[in-house]
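Same chain, two partners: chain A is paired with chain B first, then with chain C.
Take a look at the complex of A and B:
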C-alpha cells in the first residue's frame, strides 16, 4: 500500500499500515510465492512513454504507483485510507497541498495565458461591430425623427380588403344598434391599438351605435376609459350610462369571455343602457381589440363560434398572422392590423388622426431596416466568398 | 400641474429605458422595476375593486342569506391561500383542480368548435380555377400545399426501412422539405410583423418625446 500518510494521526497511521506486513490469506492458499506475483505484475506494466506533443507536460499527470500487494505496479488507485482517515472536524486537521498541486497551478497558468495574435485580430473587429451598432441606432432614430418632423406630408396608403370589410361591417350597423368592445391590450401594445380604438369609436359614434366596453386585461379598462374620454368630447349628446358604458375588468380569461356571453344582461342592468340590452342576443357586433393572439382566440372560440355573433378584430401587427386564418374562414368579418390598419381606417373614414401622422416615420423606419437587411446579407456574402477564396 | 408632472415622469422613464442601448445600467433597472411593480400593484387594486368587492364581498355583506352561494367561491379562494404553507398545501388542490378542470374543458371544447373545425373546413378548397377566378385557384393551391407540407414536416412517426424507402417515405420526404420552406416563410412573416409592431412603439415614444414633452411638434 502507498505509504503517504502525511497528515494522519498516529493511531490512524497504525491502522492503515496494519496487515500490509503479511500477504493475504487467500493468496497464501494459492501457493504462489508473493514475490513472484509481485514480479509478474511489475513486468506487465510497461514503462510510461511521453505522448508526442505533450513533452512540456511531463510529470503533470504522474500519479503514485502501488508498491505492494495485489495492485503492485498499478497507478491511479484511489487512496481510500486518506479519505476515511481524515477527521470530519475540519478545524483540527492541518491540510497539506495534495501532491501535484504545483503542477496543476503551472498547467492553469499555461491555459490562462492570453492568445495574443487572435486577440489582436478580434479587438478591431469587436470595436467595428460596436460602431456599426451605434450607427444603426442613430440612422434608425434619424429616420423616425425626420419622418415625424415631416408629418405634414402623408404617404399614399392603399386600402386592404380586411380593413375595407371592417369599415363596411360598421357602416352597415343601424342607429341604435349595440356594439360590444373588448379592450384586451396593455400599454405594451397601446401605441398600435389606441389609434385603432379611437378611429373605431369615432365611426361607431358617427353611426349612433350604443357601445358596451369591457376588458379581459386589468390595464385594458383604464386604456378604454382614456380612449372614450378623448373621442366622446367630439360627439356631443353621447352620455355615459345611456349611450355607452365601461364594465371594466372581467377576470377569468376563457371563463370571463364565456361569463360575459352568458350574463351580459345582468351586468348592464344598473345602467339605462341595460333596458336596451337584455343579453348577448341583443348585441349586433363584437369588436375585439387584442394585443395578443390568446385574447383574440378566447373571443372567437368561446363566444363567436358557439353564439354565432358577428365579430371583427383590431390587433397588434404581431398578432396578424394568427388572426388572418379567422378572417379568411369568415369568423371575423373584418380585420385591422397594427398601426397601418388604423391609418387605413382613418383614411377610409375621412377622419385623419394620429395613425396617419405616424405612417411617414413608420415607412421611413421600414425602409432603413430593409436597407440594413440587404447590407447585412451583402456583407455576409462577401465574407463567405473571401473565406472560400 | 398634474398633467405636466405626469408628462415629465413618463419622458424621464422613457429615456431611462432607452439608456439600455448604451449598456445595462441602474437607471434602466430602476425603470424596469418601477414598471413591474406598478403593473402588479395596479392589477391587484383592479382585482379588488372590480372583482372581489362588487361581486363577492359587497353582496355577501348586504344580503348573506340571499347570496349564500357566493360562500362557495369565497371558500375555494381561501383554500388557495393554503398553498403558501407546505403542511396544509394539499387543501389548495381542491381549488386548483376546479380551476384547471373548468379552464381545460372550456379551452379544449372552444378550440375544437371554434378553431379546429373551421380551419379544417377552410382548407378543403377547390384547386381547379373557376371562370375568371384563376388567382383564387393559385391562392387555394398555395394554402393546401402549405398545410399538407407543414403537416408532413411534423410527421415524426414515419420510421422503419420500409416506410423511409417506399413511396410513402418519398412523399413524406418531399412534403417535409416543402413544409419546411413554408414554415420558414411563416416565421419570417411573424418576425417581420413583430419588428413592425416594435417600430410602431418607437414612433409612438419619439412622437411623445418631441411633441408632448419638448413641444417641438
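Take a look at the complex of A and C:
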C-alpha cells in the first residue's frame, strides 16, 4: 500500500494513509480488524511474484465474466461475497450469518437491477424526433411550393426608411455620374442579392449613370456579368466599355479595396469609360453588394472612411444587423436588406421584378418556421407542467 | 539575422502604409500605392500556390487510395476543366466551358447547400429553440417579432408588427452589433500595434 504512494509529497502520503485507516462503520461491524484483513490480503497476493510452477500461464487464465446487472460483460470483478465472508482461519467457530449481511444483499440487489427498460424508453423518443424533423421538412416545402404557385398578385409592401434612403441617393445622381458596384457575394447568397442588383442596375441605367463593376470575391465577377446581361437588354444604348464595364475579380481582400481606391484610373484606362474616370475622386457613389459582413466592413474601413466617398449597401438579411451601425452613423447613405429590401426597391422604383414575386413563398416559409417555434415551446411548456422538462 | 530582417521589413512596410494613410504627401503616397500593388500581385500568386497545394494533396490521396479518393478525382477533373477552359480562351472567365461549369455545377450546388438551412432552421426551431429561462424567452420573442415582421403579410396579423420589428433591428440589435464592431476595431488596433512594434510576428511563423 505504502509502496504505491512513492513519489507523493509527504503531506499527500499522510492524507492517503489517513483515508485508508478510516474504514466505514458497517465494515468495522463485521468483526475482523481492518489491519488484519489488509495484512492477510497482502500476504496472499504478493506484489510482483508469480506462484512457482505457474510462470507463463497468466494470460491463459480467464477470469469470469459478469452475466447480468450493471457490470454485465466486465471480467475480473471482485465478488462482493469474498470481501465480506469470514476468513476460514476463524473457521472453528460454528457458521452464523455475519453482521452486515443484509447490506451485502441490498448492494447485490442494486447491481442486479435490469437496464433494459431505460433503453426501451429512449427508442420511441428518437423515432418521434425523426418523424417531427421529416414532418417539418415536408410542411416547409409545401408552404414554399404553395407560395410559388399562388404568387402573382400584387403585394403591398411597407417601405422602410433604409430602402427609401437608398432610393433617394440613386435618384439624386445626375445623368453621366459614375457609380462603382462591388459584387462581393457568391451563389449561396445570390438568391437574395441578385434581385437587389437587378433593381439597382435598372434604376442606375434609367438615370443614365455610368457603371463600373468589380468584385472582391472570385465568384462575384461571373454573377455581375449575369446581372448586367439581364438588365442591359432592357436599356438600349448602354454599351459595354463606354457606359459600363466589369473589371472582374480583384485579389487581396482589404488591400484589394484600397488598390481599387488608389488605382481605379489605370485599371479603367483601356476602356472608353476611362476617359471620364481618372480615379476614385470621379466616382459619385459606391454600391457595395455584400454577402457577408467582412465584405461590407472592408469597403467601409478601407475606402469610405479615408476617402469620404458616398456609399450605399445591399446586403443579405443575415448581414443586416452588422450593417445597421454604419447606416445609423451616416457612413452608409442607404441600406437594402435581403430579398425584402429588393422587393421594396422594385416597388418604389415601380418596376416589379423577381423579388416581388418571391415575397409570398418567403412569407409562407417565415410563418411556418415561426409556427414551429411556437409549437416547440408549447410542447416544452406542457412537458414542464407534467414534470418531465 | 533570420529573425531581425523579416521583422524590420514588415515593420517598415507597415509604418509606411500607416503614415501614408494619415498624411497627404506625393512621395509617401507613391510608396504606399506601390506596396499595395505588390500585395495584390502576391495575393494573386498565393491563389496559384493554393491551387498547387490542392493538386498535390488530392493526387496523394488518389495514389494512396485514402478514404474518399473518388471525390478527389471529381474535384481535380472539374478544376482541370475550368483551368483549361479559362487558359485556352481569350475570353478568360467568360469562356463558354467555364461559364457552363459555373452556371450548371457551382451555382446550383452552392445555392442548394444554402437553401437547406431553411429546413434545418424549421426543424431546430421546433426541437431546440425553447424559452428555458428569461433570457431565452426574450430571444424567442425577438426572433418571432423579426421573423414574422419581415414577412409582407405581417401587418395583417397586427398593424404594429412591422414597426416593432424595425425597433428590434434599429435599437437593441444595432446596439449589440455596434458593441461588437467597436470591440473588433479595438482588437484589430491592438493586433496591428503588436505586429508593427514586432511583438507578434505572423510572417515568420
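By our rule, the second predicted complex is superposed on the first by the 272 of 389 C-alpha atoms of A that agree within 3 Å, B and C clash if a C-alpha of one lies under 4 Å from a C-alpha of the other, contacts with A are read in each partner's own complex, and residues count from 1 in each chain.
The criterion applied here is as follows: a residue touches a chain if its C-beta (ideal position, glycine included) is under 8 Å from a C-beta of that chain, and two chains touch if they have at least 3 such contacts.
This one's a predicted model, so the numbers in the text were calculated from it and none came from an experiment.
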Chain A residues touched by each partner, larger count belonging to chain B or chain C: C
Which of chain B and chain C A:225 touches, first, second, both or neither: second
Touching partner for A:331 - first (chain B), second (chain C), both, neither: first
Contacts of A:358 with chain B and chain C, given as first, second, both or neither: first
Contacts of A:258 with chain B and chain C, given as first, second, both or neither: both
Which superposed partner A:211 touches (first chain B, second chain C, both, neither): neither
Which superposed partner A:148 touches (first chain B, second chain C, both, neither): first
Touching partner for A:191 - first (chain B), second (chain C), both, neither: both
Touching partner for A:304 - first (chain B), second (chain C), both, neither: first
Which of chain B and chain C A:200 touches, first, second, both or neither: neither
Those residues of chain A which chain B touches in one complex and chain C touches in the other: 137, 140-141, 144, 188-189, 191, 219, 221-222, 248-249, 251, 253, 255, 258, 297, 306, 317, 320-321, 325, 328, 338, 340, 362, 365-366, 369
Complex contact set, residues of chain A against chain B: 137, 140-141, 144-145, 147-149, 151, 188-189, 191-192, 218-219, 221-222, 248-249, 251, 253-255, 258, 297-298, 300-302, 304-306, 316-318, 320-321, 325-326, 328-329, 331, 338-340, 357-358, 361-362, 365-366, 369
Contact footprint of chain C on chain A as seen in their complex: 129, 132-133, 136-137, 139-141, 144, 155-158, 160-161, 186-191, 219, 221-222, 225, 248-253, 255-256, 258-259, 262-263, 297, 306, 317, 320-322, 324-325, 328, 338, 340, 343, 359-360, 362-363, 365-370, 372-377, 379-380
Partner chain A, residues of chain B touching it in the complex: 21, 39, 42-43, 46-47, 50-51, 102-103, 106-107, 110-111, 113-115, 118-119, 121-122, 186, 189-190, 193-197, 199-207, 210, 216-217
For the chain C and chain A complex, residues of the former touching the latter: 21, 32-33, 36-37, 39-40, 43-44, 46-47, 92-94, 99, 102, 106-111, 113-115, 118-119, 121-123, 125-132, 140, 143-144, 147-148, 150-153, 155, 162, 166, 169-170, 173-174, 176-178, 180-181
